[in-house]
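Chains: A, B, C and D, in written order; residue numbering restarts at 1 for each.
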Amino acid sequence: MIERRTFLTALSSFAAIALERVDLRALQATASPDSLIDDLVAGNHILAMEGVLDGMGHISARYPGRTGRFLLARSVAPELVTRDDIMEFDLDGQPVDARGRTPYKERFIHSEIYRVRADVNAIVHCHTPSLIPFADSTVPLRAMYHMAAFVADGVPVFDIRAAAGMTDLLINDGKLGRALAQTLGSKSAALMRHHGAVVVATSIPNVVGRSVYLDMNARVQLQTAALGGTYTSIDPAEARLRMADPNEYSRAWELWKRKLGR
Amino acid sequence: MIERRTFLTALSSFAAIALERVDLRALQATASPDSLIDDLVAGNHILAMEGVLDGMGHISARYPGRTGRFLLARSVAPELVTRDDIMEFDLDGQPVDARGRTPYKERFIHSEIYRVRADVNAIVHCHTPSLIPFADSTVPLRAMYHMAAFVADGVPVFDIRAAAGMTDLLINDGKLGRALAQTLGSKSAALMRHHGAVVVATSIPNVVGRSVYLDMNARVQLQTAALGGTYTSIDPAEARLRMADPNEYSRAWELWKRKLGR
Amino acid sequence: MIERRTFLTALSSFAAIALERVDLRALQATASPDSLIDDLVAGNHILAMEGVLDGMGHISARYPGRTGRFLLARSVAPELVTRDDIMEFDLDGQPVDARGRTPYKERFIHSEIYRVRADVNAIVHCHTPSLIPFADSTVPLRAMYHMAAFVADGVPVFDIRAAAGMTDLLINDGKLGRALAQTLGSKSAALMRHHGAVVVATSIPNVVGRSVYLDMNARVQLQTAALGGTYTSIDPAEARLRMADPNEYSRAWELWKRKLGR
Amino acid sequence: MIERRTFLTALSSFAAIALERVDLRALQATASPDSLIDDLVAGNHILAMEGVLDGMGHISARYPGRTGRFLLARSVAPELVTRDDIMEFDLDGQPVDARGRTPYKERFIHSEIYRVRADVNAIVHCHTPSLIPFADSTVPLRAMYHMAAFVADGVPVFDIRAAAGMTDLLINDGKLGRALAQTLGSKSAALMRHHGAVVVATSIPNVVGRSVYLDMNARVQLQTAALGGTYTSIDPAEARLRMADPNEYSRAWELWKRKLGR
């Protein structure tokens, strides 16, 4: 019975994603590169301000109107990113015009997910402290709060040791990026053992919103687990209905941009 | 014996509320709409500053001298609310003069509680991270600290799934608002499963005070539970005596308003 | 053997306190009232800045050179205290020259402790969130960190219900103040069930230092307990040696005063 | 089998340290004393900004080009350190030219580690609240996150009571410093029971980076343990590969220095 529900959920999640894509990919496709770059810089600063990223981690966006290209900062702390730091990459993770700028070693996280997930227009790779417990533990992340309802679809854990044996733990080539993308599958987020997480969405505001509320959801679950009772979580059917709103994070995005301006 | 005490407590809580109402409803009834709107804007900003609200959630106030009307901001993050954002609503949740402003989807939380709770003049709907564990868990919230003594009356949990089956988890019509108001009953606060909480009081300073100290009380209980021993909580009779002071939060309210001014 | 050690510890703690008094009471006795009032105002602001006090709670100091008098702000949030708010009280908790200023209801915490503790020159009453779990729980506070070594002497818990039955939980008369002072005994701090704590010392910098590090010690123990193993704490004999330094908190006090100046 | 792996790990850790030393000791050796003092002042301020140090604790650096000398501030809170506070010490912990400045009592932590660890060029002594639980508990610190991979080598606990009986818990002479250095052995960090920790590295940026991420790693483990499941940690072989990058913390260091400038 669980299996049947899981199957139906997967089906309808896919439908919801497909539906959402209509609105937001269109939106992002028509955005000028200039305003997209502004949003990408803002996304970097918001994720630092909200404690999702510290000196490490990154956010990327698919390049509107150019097949197989995405935008990502040079290797610099997210809080310091400016427009001039934004580089263009192809789906092999190669910079199109580096102009002496050093790329992040882990850009293959982005390139390999964009390659296989046509519905994804923006990606965050983070090491948020609240998420790592669920990456390292046997306790699975659950959907505790409706702004992170997408968690109800499941958040798989990528174990680099199982995939590639002893490594330096970084996703620093295409092969490791592909293994991570395979673990992510059609989900909205994956955890990375002893490392962090990757979060995907249809637009920059949505991937920032998901990252912020994934953090809050994890903090809530950590507290709930320590309470000592048992607890329930959002049903996949509820999550599907909640996620049907393509502008779920717009009110928060407006706030975050205003706070940056101060 | 427990049952008898519970019954007596309910009785005397009601008496305490009735008593408190005399002072503070009178106060709010004589307030000019102008100063009430100032307090409502301040309440929005204080709840954001104190971490009770983030980009989501809202605070409303009953309109002084107008039967069946209340004030609530348009759909905007609490921290950004200005006087021009404050809209007037009737008890069906309909805006009186919208002037193009979009209302919050969940305004029915407010309208349906004002309809049945004549003692309530101000309402907060929040998603404070410390409260959600108690909304999702089998462990009940208890009164750990005297500034949140009202918790000793009990804080019921509203489960939207039990009330309405599979939904998008939002209170976006009058029927759901009525179901929530029914769960709240005569209490000062109710939790909402996988969602957050609603807090009510006789005035804006009191509902802000209750929301801030409900958060602190929840954080204290989370820590106490994780200690591993057993713990006691405030007796309903103690709570009744503590809540007899109608200006319980005035010193804190003065501080919060001063901090906003900086 | 435990009992004998406890007895010897009590003896030598007393000796240490007596020793410390020589230095610091002398210091405070020679301080001009003006510089003492400056320190009392600074103490209020530091305790707010460091999160020991929020809008509630207070800090007092014995009046240098006047038998049976102490200084304490009028009823106002600690962060807002100015020189003009500082009032003088006798050991019955009566204001000497109120000039229309409203005193704190709980000033009897201070008056009754000064009456019986000649070694105490400064007192903090706080509701620090980290301390309330230990006030409400069966798990005793233990000395985890050497800057709070005084905890090794033991921190008794005052239960107002055991002392006076059903109350509004406040120490608002001399009788309740005396009961609290009796529970405190010769210790440096006592917890108050469902309420908070009282901390005493030989000077304003020392009581501020003890309050800040009591908070840190409690947070450390909360985390340690949640780890799931067993843990050790500072021995009373170690605490005695550590507390022999009468200027233990001077480096921190210098920092806190500098931070206020910014 | 465990033993064999441990042995091999120790061997290769040593190799990794030796390798890293080539790069970074060279770097530090060629730094002018002026820029080293700038970095030491910045290190003090960064560790305060990041919450690793409060009013207490210290950071030192080996003096480039002078055998047996190191630099450490006079006894002052780290956040307040200026260039003029930096003093020079020999390996007996004696100031070379005190000019009336009072040294830290615990400077012997630094002198005795520099004496026996030729690979160490910078040392932090801290009381970070997240670390003390692991110093006081039976639960060992484990490597949860790849930016603190060095934890996989093991972090021994120094128990001053076992080493020297009843003390004031401070490392205030050379004998106690030597006992601590012996417990540290060839590791990157050691915990100090009821006290804090010591962290060592090849350069100021590296010891600051290790201290910040040791704190984060500890906070992650505290949360993971409270989740209630079991958890895995980084393998020593993975740690060795991760630590081969001698500039692991350079991106974070750049951010921290920029934040100080604001």
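In the analysis below, a residue touches a chain if its C-beta (ideal position, glycine included) is under 8 Å from a C-beta of that chain, and two chains touch if they have at least 3 such contacts.
Predicted, not measured: the structure shown is a model, and the values here were computed from it.
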* To do: Enumerate, in label order, the chains that touch chain C and chain D alike.
  => none
* **When chain A is superposed on chain D by its C-alpha atoms, the rotation angle in degrees, nearest 5** => 90
* Asked: In terms of residue numbering, is the interface formed by chain A and chain B classified as same (over half shared) or different (under half shared)?
  -> different
* To do: Could you put a whole-Å number on the gap between the CA centroids of chain B and chain C?
  => 34
* Inter-chain centre distance, chain B versus chain D - centres from mean C-alpha coordinates, in Å -> 48
* **For chain D, residues that touch 2 or more chains besides their own** => 226
* Asked: Once bound in the complex, which stretches of chain A touch chain D?
  -> 54-56, 75-77, 79-80, 127, 129-130, 132-134, 136-139, 161, 166-170, 193-196, 222, 225-226
* To do: Name, in rising order, each residue of chain A that touches chain B in their complex.
  => 143-147, 149, 216, 219-220, 223-224, 226-235, 237-238, 241-242, 244-245, 251-252, 254-256, 258-259
